[in-house]
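Each structure below is given as C-alpha cells.
Below are two complexes that have chain A in common, paired first with chain B and then with chain C.
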Partner chain A sequence: MNRIDPLETFRIQPSQKISIQYGRKSYEGVAGDTIAGLLYGNGIRVFSRSLKYHRPRGLYSLDGECSNTMMRVDGMPNVRTENTPARNGMKVTAQNVAGKTADTDPMAFMDKLGFAMPAGFYYRTLHKPAKMWPVAIKKIRKAAGLGVMDPDFRIEGYFDEIYPTADVCVVGGGPAGMTAALAAAAPGLRVILMENRPWLGGVFDYRPAAYEGDLPLYQRAAHLARKIEETPNIRVFTHTAVVGNYNDNLVTAFQRGNETDPFDERYIEIRARSIVVATGCIERPLLFENNDRPGVMQVGCAHRLARTWGLLPGRQAVFSIGDDLGLEAAADLSDLGLEIACVADTRMDGQDETLIDALSRRNIPVYRGWIAYKAHGAKQVKKVTIGPLAGVQRQDIECDLLVASAGLTPLTGLLSTRQVELLFDRHTGFFLPAGLPDGIHTAGRMLGFQDSVKIEISGQLAGMEAAADCGFNAPGEIDSIKVRINAFPGPALGSKIVSAPVKGKKTFICFDEDTTLKNIDQAMADGFDVPELIKRYTSAGTGPGQGGIPGHNLPLYVAQTQQSPDQAPRSTTVRAPLIPTLMATYAGTQHDMCKRTALHDSQVASGGKMERVGVWTRARRFAEDTKALAEIKNVRHNVGMLDASTLGKFRIHGPDALKALQRVYVSDMDKIVDGRVKYSAMCNEDGCIIDDGVVLKQGENDYYFTTSTGRAGQTVEWIRYHTRYDHWDFNIVNLTDACGVINLAGPNARKVLEKVTTADVSNEAFPFVGWRDLTLADCIPARTMRLGFVGELSYEFHVPASYTQTLWNILEAAGKELGIQNFGLEAQNGLRLEKGHLIIGSESEQRTTLHDVGLGFLWDRKPDANTVGAVALTQTEHQKDRLKLVGIKMADASAAAPKDGSAIVDTKFQGYICTARFSEALNEPIGMALVKDALAEPGTELNIYEDSCNGQLLKAIVAKMPFYDSDGSRMKM
Partner chain B sequence: MTNKIIRRSPVTFGPKPSTVENRGHWVVALEYEGEGDGPHLIDLSHCPRWDFQDGNLDKFKPVGISIPKQPGICVLSNGTLINRMNGTQAAVWHLSGEATDIPPETGYTDVTDATVFLAIMGRNAFAITEKLSALDLNDPARTPPFLIQGPFSHVPCQIVVMAGDRELPVILLACSRGYAHDMVDAILHAGHEFGLQPAGENVFKKWLEPLK
Partner chain C sequence: MSFTLTCPICGPRNAYEFGYGGEDKGPRPDEKDLSPGDWCDYVHMNRCIAGESKEWWIHRSGCGIWFTTSRDTTCNLEVRGKAEEKDANPPLEKE
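Moving on, here comes the complex of A and B:
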C-alpha cells in the first residue's frame, strides 16, 4: 500500500496494521481505514456489479450515497464499505457476481442488452400471457439485485436503544452545527449534537484552505471540536445517522458503535424543544457517458481519501467540476502528488480567482465552460473526453482518475420528513425550505453559504434562536448576529448543469437502479411529466442510496428537458429512514414485557405448558395430552387448582360508586345482596357484550368487582369515560396485580378448604354465589367466593399477591391425600364448555349483543341509569337475522371436534364455530357456535366447512345447553 | 415447597442475598455479596404502599404529612414519601419498610402487593434509565423529589426521582407487579454496561437515613 506522508488531517493510525480478506486474498491496511478505503489502497478498483447491467462500479462518494461499495462483510449483505471501519480479520466478498470478487462477472453481457430494458420495462412486458410473469420474475430476480440474505443468517452483535432528552438537538457536526451547539449550550441548556461521520468537523475537517489569516480550516475544526468536548452540557453522538424528524421535535437516529462501545449499533430517539438542522451539502453528481466507471469519483471523495486516509486516489487525473471546492481540491491534491492534466469547469465565470491563480501557478489548465463528455475504459477509467458545453471541440486525455462533480446539493431530508415544503431557488440551484415550523432552525452550507466565517455565524444564530425557543431569549444579541451575517456576500450562484449534452444511453442518473438519462427521456416520452411519477416508472432514487445520487439531478433534468419556463423543478418526496439501517437496530434490545402471576414459578415447576395470553403468561395444561382430559376428569370427580390470578380486580368506592356501576353494568347493582356476589355484564354503546364478571359490596359505597383478563387494562378508562360529564364522586383502584386468585374446584374442594380454615364453610353457612372474607392458615386474608364457572363446587380465593404462593402450597398439601392436581386453561375451557358458560371474545365478537349470547336476562332496564348500550339493547332485542349463540354436537359422535373458527355454511356463510372440544363428561365432541337465528333451533343440522375438509362438509346438530349438570346441582352441593 | 407463611416479593435476583431479615412475613434482602460501589438495583417491594383517593385531598394528612398541591410534586418526611398523582389521587410510600396500619378512612387502599417497587441508584443511573424510557428523569428544571408517570420499558410506571446528583442519583420505580420479572431483567440488561448490580435494602436505607 502506498500512502502519502503523514498529514495533520489524518484519521488513521499508520503504525497499527490490520488485515482483511477479500476473495481469496488478504489485504493489509491500518487502523482507521474504511473497508473500501483499505481495498482501494491495495489497488482494488471494482467493488461491485450494478443491479441490472452488471456494470463494474467503484468508489464514488464516501458517505454511502449509493450502492457502489455495498459488499458482503462477515456474512452480512449490503454493508456500505465506504463508511464502515475495517476491523482486523473481516471477510469481505462482492455481491451480485458469480465469483468472490467483482473484478470479473460472467453476467457482464447484460450491459449490451440495455436496449431491451427501457423505462417501465417491468410494467410493459412479460405480462402477456399472464402465466409468463411468475417464470420471468424468477429469472429477473436471479440475474439482478444486490446482496442476498441467507434465511439462516443470524446477525451477530448487540443492538441497543437510547432515548435521551435535550433542550436543543443539533443535527450536523460541521462548523455550523458546532457553533450552533456552543451557542445553544451557553445559557446552560442541554444540547445534543449528532454527526454522521465518526468525528466532528464536517467540511472543515480535512481542508487546508485558510479560515482566517493562516489558520487552516482543519485546525479551526479541531479547535471547535475541543470547545464542544469541554462543554459539559453538550452531548455528542458521532457516527450517528439521523434518519427522521417528526412532530413535536422527535428526532430518530442510529449510531454505529466502534470497537470500544458496548453496542454494535443503537437506535436513538430524542425529544427536543428545539432543533437546529446543519446537515450541510453533498455533491451533486455530474452526468456524462460512462459516469459510473470505476475511477470516476466525486471531489470530496478524492480529496478526503488523500487528506483523511493518506491515499492518493490516482496517478493522473482530470477534473470536471462545477464548484470552487473542485478547484481547491485540485490545487491541494496536486501539492500532495497527484498529476492533474486539467480542470474542466462547467461555469463560464464566477470562480474564486485566487483558486484559478493557484492552479495556474501549478501549471494546471482550467477550461471554463467545459465538461467531461465520456469516460473510456472497460473496468476502469483510462481516458476522458472533455469539451465545451456549447461547441463541437473534443479532447481526449489519458488518465486513471476523473474527479467529477456538478456542484452541491443541500441535505434537506430532515426537513422533508417534517413535511417542510422545499422550493427551488434559482440563484443557488438548491431546494430550500419555504418556511420552517416553530422550533426548527437551519444553518450553514445547506443555505448556500460558502464563506467559512459566515457558515459559523449562521450556526451561532441558529443556536441562539434555538435557545430562545427554550426561554433564553437574547434579542439584542440575535439582532447583532443577523447584522454580521448580512455584512457577508450572499449565497454563491450555483451551477444548474446536470449533464454533458450526450445521448444518455450509458449516462447514469441513478447508480443503484441502473437508471440512465435515456430512461428518463423514455418516461417523459411515455407521458410522465412529474419527477415523482418518473421516479416510480424508472425506479430512479428508489434504491438503497435513498435518492442520494439522483435526488437533485432528476427534478433539474426533468425541468430542463421539458423546456417549460414556467415549471420550476419540483423535488421528489424523501421519507424516513433517510439512511437505511438494520432491522436489528430498530428491534433494539427486544425486551418482551410480559406479566407473570405470583404462581408462575411453581406452575412451571409443576410441568405447566406456559403460553402468552394477552399480556400474561399462563399455563395451558400440565400434561402432554393437548386435550387435558386427565385434568378435566380430576376436577369433575375430585379436586383441582387453577391459577386464575389474571382476572381483572377492582375496588370502586365513594358516594357515587353505585351510580358508576349502574352506568356500565347492565344489571341493577342496587340489588346486590350482602354476602352474595352478583354476576353481570358490560356492553358497549351498540349493546354488544364486552365484559362479564362479578360484583360484591364490601362496605357502604364500597364495591369490589372482577373483569375478564382481557378487559382489565381498559376498565378504569371505560368507567371514567362513560361518567365523564357527570362529575360523580367515586374512586377506582386497580387491584388486578395486587391479588392472586386460586380457583379450588371439584366435589372434594370443601374437604380441602376445611383443612385450612376454622370458619364454617358448609353449604348452609357459605352457599353458592356467596362470598366471605376468610382467614386461611390462621393468618392469610382470603376473599373467598363460591362461583361455578367450571360447573363444580368451586371456591375462588382472592389473596394478596405476596401470600398467593404460600396459600397455594398450603392447599396443595391439604389436598395431597385426596390427589389434588393442577389444572390449566385448556381444562378450564373444556369444563366451562360442558356447562355452556361463555368466554367473552371466544363466544362473542364485535357484533354480538347481550341478547345474542343468551344473557339478555341480565339486563334490568334501569330507567334512570342511562346504562351504556341500553338503547341498542332495546332496539336489537327482537331483531331478526342475527347470529345467535347455540350449542352443537357432531352428527357422528365419533367424529373429531371441528376447529375453532370453522365456517358454518349452506349456500352462504351462516355462522361459525366459536369453540369446540371433546367432552370428557359426554364422551363426544361438543361446542358453541354463532349461527343465523333461523338455524338456532335445537335439532337443526349444520354444515361445517373446515379448512382441511377437502370439500367434505362436517355435520353437526344444534343442541341444548348446558351439556352437563343442567340443574346446576353440582355447583350448589 | 414449604408451608411456612411467607410473603414473597415478585423480584428474584440471580445471586442469593448474603444477609436477610424476617419482617412480618417478608424475607427482606439486606445485602448481597459483591454489591460494589454501584450503580445498584434494589428491591423495595416489601415497603408498604397505599393508594389514597378523594375528591378533596387537601383536607387529609396521611401519617401527618400534607399532600402536595400539584400533581408531580412529592414530599418526603420521616421516611414516608407522598406523591401527588393527579387532582384526586396520591400515593403514600413508606420507604422505611416498616409495617404501618392503614388509616380507617375509606379513601385508602393498601396497594403494596399491586406493584413491584424498585430503586435504581448510583452513578450512571440516568444513563441506564434513558435506555428504557423517553421520560425526562434528569430534567434540571425540576427539584427532586418529583414524580413522573409514564412508560418505562413500555410499561406504565410511577417514577420518583429522589435525587438528581451526578454522583448519586436515586430513582424509585413502581409498576404492575406482574411485570416484575421482565422489568428487573430489562433494567439489569440495560445497566450491564455500567456495572449495575443487585443490592440489598441497606444501601437504600443508608442513603435515606440522613433525610428522615
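Moving on, here comes the complex of A and C:
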C-alpha cells in the first residue's frame, strides 16, 4: 500500500526503510511503524485467531485494548504488535492458529460450534461422566488460547528499575496532562509526566481540527510539548504505562525502551506528594453482528493510521459512530482520500452542526439515529448492513472498512486501584469518581470535557491544586481558573447505546475471551444480575486487554437489559497491573548483592571455593576434597588460618550499657572479669536460643561483643527493641564491616604469634578465654582473644578492616616455615563438630530452647534484669517431650555419615540429624542430632531415615559429647 | 506495604524502609507469679483490631529508631499525629 503524502502529523521517517518477517515472507515498512501498522500497510488484515472460535481478528484499536493484534515476535508470545515499534529484522508469527500466519486456520470450523459453548460452559458441560473431563480439558487447551510459551524460552534484554522522586506526578501526556505539569512546575516543584504513547500530545496529537483561530490541535500539542521540554523541572517518561496507584500516592509504571535506551523495559515507582490523573478516554466499542470482523476498527484507529503513519485504512468506508470525534475523523479522512459512503450516527441530535456541515460539503450523508447492524464478509468486511435503531429499514453498502465506535469511555483504572468509588453519571454515561482522596486530582477528557480549551484549563487547575498540596497555594488564581472553567458549557451528553438491536449470536462484547451478547443474556437468564459476577461467569473482560473492550459496555448492557431496569449501571473492578507487564520487568536486574570480607581477593587467589553464606561470600574449602580433611588435619596437628571477618562485632557503651546487656544476654554480665571474655547466649521471649557469642569489657561502661554471622544484621535492632520502654542511655555501634577477624588455630599457633609480637603470650600471661590488645608487627593494633571454637590453641585477631589483609600476609609469612595453611568453613565445621560446639541455626531451630541444646548453665537467673526469654526459660526448664541436642555415632563405624536433616524415626518422627561428618580425629562418622528426650541417653540406638535409603534405616547410637579432647586441654595448652 | 510512615527523625518515608515491631502492648508484665498462659498471651496474642492500631515500627533502612505510630488497619494508612496522644493499646480482654 502506498503511503499518503507526508503530513505534519507524521511520526514516521518515510525515507528510512525497514523490513520484518511475517510467516515466510518479508514485509517492508518505514522507521516509526508499529509491527501491526507495518503489516497493515502491506495488506495484512487478519492478525490473529480468536480464543475459542478461531475467528479472524484484525486491527481494531491502537493502544492494546484487546488481544486482536497479539503475535509472537522474536520468540516472545503475546506481544501487542499494535503499539510495539517495528525493528528491522523482527520475526513475527501469528498465534492460536495452525499455520504461520492468521490468514487461514484449519480450526476455523470452531466458529460453527458456538452453540456448544454457552456462557459458563467450562463449569457446566463435559463433566459427565466424570472421566470425560480430563480428556476434554486436554482438547480444550489444545484448541483454545493465546500465545504458546516455549519452556526453553529465555527473555533477552536488560530490565531495570528506577525509583525517581517527585513532588507532583502527572499521569497522561495529553493536553490536560501537559498543562497540569506546566502549572505544577511553575513554582519550581519537581514534576514527573508519564505518557503511554511514545510521544506527548494525547488526543491533540494527530488532529488537524482548530484549537483557536487557525491553529490546528496538533500544532498546539507540539507547542505544549516544546514548553514541557524546555522546563527543566519536568521529567518526562514516554512509552510508559502507568499500571497502579496505591496508598499515599505510590504510582507504579513500566517504560518500554527504544533502540537508544540502555534498557529494554524498566519498572518505575514514584512516591509523589500529589498526583494528577489526566488519562483521558478510549473508545467504547459499538456492537453489532460480526463486529469483530477484520476491517472493523475504531475511529481513533482509522484516523491515527492515516495521520500518524500515513496509512489510509481502506478504500471505501462506512462509519457508524456515536461521538463528534467520528464526524471529525470522517471529514478529515475523506480529505486524505478515503471514500466514505455514509456516516451512521447513533445520536438523533446533539452533534456539532459545523461538523455536519463539513460532511455535507463533502457529499457524505449523515444518517442520524442509524447504526451498523451487521458486517458481512468471511475474512474481512465486504459489505455492511445499516439501518435505523428504531425501524425496519435496512441498507446494504459495499465497503472494505467499517469505522465503528459507540462513544467514549474514561480511563479511570488508576482511581479504581486506589479504591476510589466510581458512580454512573447519567449525563455523560461515564463512571466518574464519587470523591477523591487527598493529594489526587483529575483533569481533562476523563471528566467528560470535550472543548479543547476547557480540557487544557482543567489540566492547569489540577496542576495548581497539586502544587497547593505541596505548599504552593495560590487561592486567588485557583478561584479565577474555576470561574473560567465554569464559563464553558458542561460535558456533552454521552451516547449510551451499546449494540444494534440484534440477536447477538456473533456480537462480541469481549474479543479476548470470545464473549458474545448472547453469552451475557445466558448469564442473566442463569440468574446473574451483577456485572462483576457476569464478568466471571462469562469471562468477559478477563483477557489480556484487561477490560479495555467490554469494561464500559458490560455494565451498560446489563443495566439496559436486566429485569430491574431502575438500577444504575455498576462498574466492574479493575486491578493492577492495568496493562500486562513482563515478569522480567518486575524481576528487574537481579543483581546478586553480597558482602565480601577484606580478605576476599586473597582467599580467592589461594584457591578458595567461594560460596554464598547469608549476606556474605565465604571460602567453603581450599582443596578439591569436599570433606576438607587435609585442612582439618593441619589445624589439629599444625596451624591454620581462617577468615572469620563475618562475625558480628559490636561496641555498646554509655551509663546503661550494662543494663542493656543484662536484658538480652542470659548470663550475668556484671560478672565479667577484666582481661577475660565471657561466652553467653541470647534467647527470644520463648526461651529459644537465637545467638551466641562473647562479651568483653573494654572500659568503664564500655563493652565489645560478638554475635554469630547470621545475627549481625539484627542485633542492634534487637537490643533497641527490648529496651524500647526503658529510655536507657546507651549507644550501640555495629563494627561488623569495620573490623576483620583472623582466626589462627592449631597447636603451633603460639609459635606463629610469638614471631609477630614482643608481648608475653605464654599460657600463663595470656591464658585461655583471655583477651589482650596487642600490637602486631610493631604496627597493627589487634584485639586478640584466646577462644577455642575449633578445639585447639587458637587466637582470634580483631583488626580494622583496612589492616586485615596486611596482618594476614604477616601471619602467613611468619607461619611459612611451620607450613601454615588456609582453612575454610567446611574444615571449621568438622573441627567444631568433634568438640560438640554448636552453630545456632544448624544445631537449633525456631523451637529449640537454651535448655534443649544443653546451654542452660549459661542462664544466671538475674532477679531484676527482665532478661529476654527468662520467663520462658523458667517455665520450660523441666518440660518433657522436647527435642534435645545429642551426639551420635554410627552403629557401623565404616558407614558414611548420614545427610544433614535426615529424620530419626521409630514408628513416628523422633528427631533429626543436625550435622554429621566424617571425623578426622576419630576416623568414623560423628554428628549432632535433636532427638526426643526419651531417646537422649548415651547408648540409645536411633534409626535414621535418609533420602535415598530405600527403606533400609541407618543405625546410629547416642554418644557422649565432646567427641574429641573431652577435658579441653588442647584449647588451654 | 504501599503506604508511608512518619519517622520521628526522618519524616514521612516509604513503608518499605520500615520494620514492624508488633502492636504496642505496653511494658512487660511483672514476672512474679506470672502463669505460663499469661506470659504466652503477652508475647503472642494480638488484638488485631480492624481500625486504629498503635504499633511499634523501626526505621530499619534509615536512622534505626524504634517508634510508635497509629495505623488504620482497614485501609493501611498511618493515622497522622495520633501516636503521641494515644496510650498503648489496652490489654487483651480475657474470654
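Odds and ends about this structure:
What we mean here is this: the second predicted complex is superposed on the first by the 927 of 973 C-alpha atoms of A that agree within 3 Å, B and C clash if a C-alpha of one lies under 4 Å from a C-alpha of the other, contacts with A are read in each partner's own complex, and residues count from 1 in each chain.
Heads up, the rule we're going with is that a residue touches a chain if its C-beta (ideal position, glycine included) is under 8 Å from a C-beta of that chain, and two chains touch if they have at least 3 such contacts.
Keep in mind that this is a model prediction, so the values were computed, not measured.
Within the superposed three-chain model, A:R154 lies out of touch with both chain B and chain C [touch as defined at top]. By the touch criterion defined above, A:V716 reaches chain C but does not reach chain B.
In the superposed pair of complexes, A:D737 makes contact with chain B only, with no contact to chain C. Within the superposed three-chain model, A:K142 lies out of touch with both chain B and chain C [touch as defined at top]. Of the two partner chains placed by the overlay, neither chain B nor chain C lies in contact with A:R24.
When the shared chain is aligned, no partner comes close enough to touch A:K131: not chain B, not chain C. Of the two partner chains, chain B is the only one touched by A:P262; chain C is not. A simple residue count on chain A separates chain B from chain C, and the partner touching more is B.
In the overlay built on the shared chain, the residue A:R271 is in contact with chain B and with chain C. In the superposed model, A:H878 makes contact with neither chain B nor chain C. Common to the chain B-facing and chain C-facing surfaces of chain A are residues 271.
Against chain A, the residues of chain C that register as touching in their complex are 2-4, 12, 14, 19, 21, 26-28, 31, 34, 36, 39, 43, 56, 58, 60, 64-66, 75-77.
Every residue of chain B that touches chain A in the complex is listed here, in rising order: 1-10, 25-26, 45, 51, 53-55, 88-89, 106-107, 109-115, 130-134, 136, 138-140, 153-155, 176-183, 185-186, 189-190, 192-193. Chain A makes touch with chain C in their complex at residues 246-248, 250, 271, 419, 685-686, 716-717, 720-721, 724-725, 866, 870-872, 875.
Within the complex, the chain A residues that touch chain B are 160-165, 188, 190, 262, 269, 271, 589, 591-598, 600, 602, 615-616, 651, 653-654, 699, 701-702, 729, 731, 733-739, 777, 779-780, 800-806, 809-810, 812-813.
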